[in-house]
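Alright, structures below, take your time with them.
Consider the two complexes below, in which chain A is the common component and chain B and chain C are the respective partners.
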Partner chain A sequence: MLSSLPEAIGILLSLEGLLVLVLGTVLGIVLGAMPGIGSTVAVAIVLPFTLTMSQAPAIILLLAVYAGSVYGGSIAAILINTPGTPQSAATCLDGYPMAQRGEAGLALGWATVASVVGGLVSAVVLIFAAPQLAAVALEFGPIETFALILLGMTCIVSVSTGSVVKGLTAGMIGIFLSTVGGDPILGEMRFTFGNWQLFAGFNLLAVVIGVFALSEVFMRASVKVSTVSELVAFNGIVLPSWQMWKGRLRNLGKSVAIGNVIGVLPGTGAATAAFISYAEGRRSSPNREGFGKGEPDGIVSSEAANNAVTGGALVPTMALGIPGDAITAVMLATLTLHGITPGPKLVEDNPTLIATIFAGFFVINLLLLPLGMLLSRVAAPILRVREAFMMTAIVILCAVGIYFVRGNPFDLLVMGGAGVVGFLLRRQGVPMAPLVIGMVLGPTLELTLRQGLILKDGNFLAFFSGHPIALVLALAAIGALSLPLIRAMRKGSAA
Partner chain B sequence: MKLGYLTSAALAVVITAGSAAAQDFPQRPINLIAPFNAGGGTDLLLRGLAPHFAEAIGGDAFVSNMAGGSGTVAASALQGQRPDGYQMAYMSVTVSTIQPQIKNVPYGLDSWTPICSIAASPTMLFVSADSPYQSMEDVVAAVKADPGKLVYGSSGPGAITHLTMVSAFAGLGIIDDMKHLPFQGSGPAIKELTAGNIQFFGDTELLMKRGDFRPLMVFNNARLENFPDVPTATEVGIEAPLNELYLWGGLFAPAGLEPEVTATLESACETAVASDGFQEFAANSGTIINYRGAEEFDAFYRAQYEANAGLIEAAGL
Partner chain C sequence: MQRIANERVIVQLGLLIVAVALYASTFAQSFSASDLAQSPMFFPRIILTLWIGLSVIALVQAIRKDDRATPIASWTRIGIILVAALAYTNVIGSEGFFLPSVVFALICLPAFGIRNPLLVGLFAILVPGALLLLFNHTLGMPLPTSRFSYLF
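== the complex of A and B ==
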């Protein structure tokens, strides 16, 4: 495949190649930044255009929109506390407090550099280690995935600002919401009360937008009297200087690694990676005390991980023909349409195409930096409008975005309901991030737990004998939960 | 006499008005609904068809997506719409004949005006290339030797992949000695087949070719051209109605469509399916075209609805 690289670069440097790279990335960033339009929808919007394109540019366009939208999600998360995509929900936790302090440009700078590094490293890993990593994906059966998600659930504790009990309550609400709809094993309907609109369960994006964005609008409406103030001071991205990275590189490296590995595992995804990485950052970063109050390490943890997922998700897609997430599934379908059968022989049979895709993916991640800076300059004046206008615009954007996805008015009701419930809960000091974690991780936790129980004839303890990976992950989960307790006890005995 | 004359005159007016409306059809763009997410097989098929359909009907047609509930959300929404011919959904065997019999959805056998069937592919049962099983006899022997050990996968409860497995193992009388592991979609199931956590899976030929897999039988009325050595389910000893299983799909409008409108849509569908552009698309995407006109499709759909009731019973859904 590497020998086809010169030819691949030729394709990328052609007019069509360059156009697709730049336009796709710009479109991805813009769509990702719009609340309500997640990466899946962004990719779906450009899908019809790819039908008339040739193979390589078609896939490059989808990849550019994919990577761009994952990065773009961080812009809205930081500037208006509205995660454009669920995978940016963790970015809000520190990005928005930083923006409120007047450091919006710098917060976006951290997010941009972290995203670019995460994406670039995942591209290099994809190019050189895809077959080896794909083997790792095969080691992760239902039981291993269950243990990983269990570890991920422990982040509920680390993102619970204020009271842990309230955080756990929010997490349980999230898990409960995720059980509405079809039972994944038996197909029975749960908690739908005979209403077919609920057969598909609650729309994740609608709930995320409701509890983060709408509840924020309600909060502001309920406390602020002033209508003239600006939302956040923002004049474009400010890149963090080299000195500022001192003591933060380890956290960056760790986040990239977490994103890469989780991306490779089918059935997990960018939101899972961002939260697990955030929790790990909060556990091990030297700056952990500041997490949740506007700590750059928090932004880096989330953004480096979610962009590293993009390359990771391509590993099983390209090496095994198994999509890593909904977006790579769209890419495989596009390949099929162009007469290419995805599968284990994909790389062998189409070396030039794959080399073009991989090299293109690398270039896309390089483009995120200049294009992100350019777009943020364009966006800056928009943010200078009065808060009241901005809040109205956010509500409209959210509604349009959510309605656009399925054309289903019911999703708007879900969004509005989530906004009201989120507002009431937040006023009681209940954090919203755990609710989103519960909703994102809940379905996989339930599915893999029940799959494991089927495989082990109902014996839960058998999960951990003969499954060393699952055992290690489960022990890590127990460790993560007991670490604060041990620390507190040590402090107690020292005093 | 006078009254009779008036009535028939009024009737004539109504009829001509009706057919005039049908002649003017379509005046607005036609919405082709994919009950699944953009990028899936159904969505791509509709997007491949839409331009040729629009050309054939002399108007506009666009594809919209309304995913959720294994396709039942879109079907439930469409069922309540006015039958004016401007909204149609591409529904598969599962959305139209299986889901309404296992879920409490607001639609059923008589909710639709079938317009045309477009595609149908038989399903196959397959194992990983390094599997010890070379034939279905091997499988039956292995299950009887060690009951309760072997696992078959599916892309979800009630999906065509699940029914393929049920047809195979219930047809051979060994289903009670096997375990069912449902996944969310065929992708994860194929991964576990490669990894060895499940031993059997069933889907169309297109999906089978995604990995290093070996087909053991096909649910078709004859052996497949590409796999002359793979026996049909009937040859293996599976009896009707479990011996043939097709992933078919076609366009459905809400019940009560005017016959003229149905005829216009049907002929546009026929022209579109036969067009060079769509034929080329089908060849590229591995779609097996199976066109049926409105009347024939209606009879086929009703027969399938009845036949699948037996399958659902066997699956215990």
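== the complex of A and C ==
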């Protein structure tokens, strides 16, 4: 991979490369700052427009929107006490009180530096960990791959928000949707009911945008229009001096480590990392007395951890083809749409692409500092834009994006249907990430299971007798599924 | 009675019925191979069986727990926006992008509480108009046009 670095730098320094780096980060920061949009919706909105691009710039654009939006969420959290993204919810706790004291610029300064450090370290983790993990996974045959996907899915479901049963149901719906259309071994049509538009299956992108972006608009329409706190006075970011960092570096390091570790675990996500890191900061920081009253360590804990998740979550996505959270599931869908199969072979077969993505991710995190300082002034007035305009624009942009991909009006119907189903399910507390992950991983799960069964003459138990890696992965999957059940039972007996 | 006829129970029941209907449909189709792993319906049947099992558990949980979904703040608003969005995604293919987008914005913005007619009108024309200009006349990647003119 390192030998491809000069070529990767060449791609990044090309006009297209520079444009997507800057434009993606700018878009990410602005969309992330808008309450109600969030990272997943931001990435979903931009996704269709990447399909006209070549592979590397397309992925870099999405990564830039992803990293930028995670940082952008802190702007709204600090200036109007409403997190732009769920990941920034913990930032509100100290960011807004600090802003109310007249230190909005400094609060954003702490958030910016912590985000940049968190993101940069996570980029380094991604660069070193992903190829190592991929090298191990290269030894995997269909049986091991089947067990690995099973583990990935159970992890994602077991830690998804809401009940395990609902998460699993969403996963099954997603896997089922992936079976519509041609059978992967014989090519015979399934569940098309005579509709030729379904011969190629459901358009993944239409489903992703429907269940994330469109259903979000419906969710917003179903609840009371939220009132936000008053925008505090703000005259640009003030970076904290080196002196001010003294006594806080340990907290920063710990938060970055928490973000990276949680990011690598499938299914946890940046919001969990931010709250765990905040709780740890409140427990161990020398300034813990000030937490909740405008303490910079609180902002650092949350922002360093949520940005550190971005690189960590990409490790299993790139190396194993298993998404770390909803956003990386969307990324995975994008890679697939671009004809790239994420997984162990990706690193070996496409060293230049991987080097470009990794180097690009590092540069994106560097860009957060100057662009964050520049854009926070612009983003502040955007916070005053009413939700109605954003929601209407989202629907129109989603329609444009989906039509733009294949020029097929049927995809618009799928998006509309997915939006309504997503809305109904989300209202019942059914998480949408397992549905998308199921749809992305479903085809490989089916193919490897059936290949394995053909190899073993239909004996499923033989999957694990001569395959120690598959056995360990399957046991881990059982463990991951039973853990929440045991926890629930303990809670029940304690009550 | 209310415990059974709430939104959560109805949605879970709907999910169960869909799964059972899909499972039943797997027996109505004939395929060239019917061996275990070779059969195209082998994998979907496993998934649908799990879906049915999980839906039954979720349904029992919904009936026993009696927890309700967040109440809808305004049925009129969500009704208008749902119908408008579905109609919008349905008619773009036949009526073009611009006109349905203008109508959608004219319906959606007041439903979301924007009462200023000037703002509503400006947004409804400018946003779809800008996108049409960008895609059809600048990028050369045309969005569908109406039956009235090739320009929009």
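Basically, the second predicted complex is superposed on the first by the 277 of 495 C-alpha atoms of A that agree within 3 Å, B and C clash if a C-alpha of one lies under 4 Å from a C-alpha of the other, contacts with A are read in each partner's own complex, and residues count from 1 in each chain.
What we mean here is this: a residue touches a chain if its C-beta (ideal position, glycine included) is under 8 Å from a C-beta of that chain, and two chains touch if they have at least 3 such contacts.
Everything quoted here is computed from the prediction, not taken from an experiment.
Chemist: Check whether A:320 is in contact with chain B, with chain C, with both or with neither, and answer first, second, both or neither.
Modeler: After superposing on A, A:320 lies in contact with chain B but is clear of chain C.
Chemist: Quick check on the superposed pair: does A:181 touch chain B, chain C, both, or neither? Answer first, second, both or neither.
Modeler: The first partner, chain B, only.
Chemist: Scan A:67 for contacts with chain B and chain C and give back first, second, both or neither.
Modeler: neither
Chemist: Once the structures are superposed on A, label A:80 by its partner contacts, choosing first (chain B), second (chain C), both or neither.
Modeler: neither
Chemist: Quick check on the superposed pair: does A:395 touch chain B, chain C, both, or neither? Answer first, second, both or neither.
Modeler: Once the two structures are laid over each other on A, A:395 reaches chain C alone.
Chemist: For A:125, using the defined touch cut-off, is the partner it touches chain B, chain C, both, or neither? Pick first, second, both or neither.
Modeler: neither
Chemist: Would you sort A:403 into first (chain B), second (chain C), both or neither based on which partner it touches?
Modeler: Second partner only.
Chemist: Could you say whether A:93 touches chain B, chain C, both of them, or neither, answering first, second, both or neither?
Modeler: The answer is neither, since A:93 touches no partner chain.
Chemist: Mind working out whether A:454 is in touch with chain B, chain C, both or neither, as first, second, both or neither?
Modeler: So A:454 meets both chain B and chain C here.
Chemist: Check chain A for residues that touch chain B in one structure and chain C in the other, and list them.
Modeler: The answer is residues 183, 185-186, 454 of chain A.
Chemist: Touching chain A in the complex: which residues of chain B?
Modeler: Going through chain B, the ones touching chain A are 37-41, 44, 47-48, 63-70, 72-73, 76-77, 102-106, 148, 151, 156-158, 179-185, 187-188, 190-192, 194-195, 197, 206, 209-212, 281, 284-286, 317.
Chemist: Using the touch rule from the top, collect the residues of chain C that touch chain A in their complex.
Modeler: Where chain C meets chain A, its residues are 7-8, 11-12, 15, 22, 25, 29, 31-33, 35-38, 40-44, 47-48, 50-51, 54-55, 57-58, 61-62, 69-70, 72-73, 77-78, 81-82, 85-86, 88-90, 92-94, 97, 101, 104-105, 108-109, 111-114, 123, 127-128, 131, 135, 141, 143-144.
Chemist: Enumerate the contact residues on chain A facing chain B in the complex.
Modeler: Per the touch definition, chain A meets chain B at residues 40-41, 43-44, 47-48, 51, 137-139, 141-142, 181-187, 189, 194, 196-197, 199-201, 266-267, 316, 320-323, 326, 329-330, 333-334, 336-339, 341-344, 406-408, 447, 451, 454-455, 457.
Chemist: Under the touch definition given earlier, write down the residues of chain A that touch chain C in their complex.
Modeler: It is residues 52, 163, 165-166, 168-169, 172-173, 175-176, 179, 183, 185-186, 188, 190-191, 193, 214, 217-218, 221-225, 386-389, 391-393, 395-397, 399-400, 403-404, 409, 412-413, 415-416, 419-420, 423-425, 427-429, 446, 449-450, 453-454, 458 of chain A that touch chain C.
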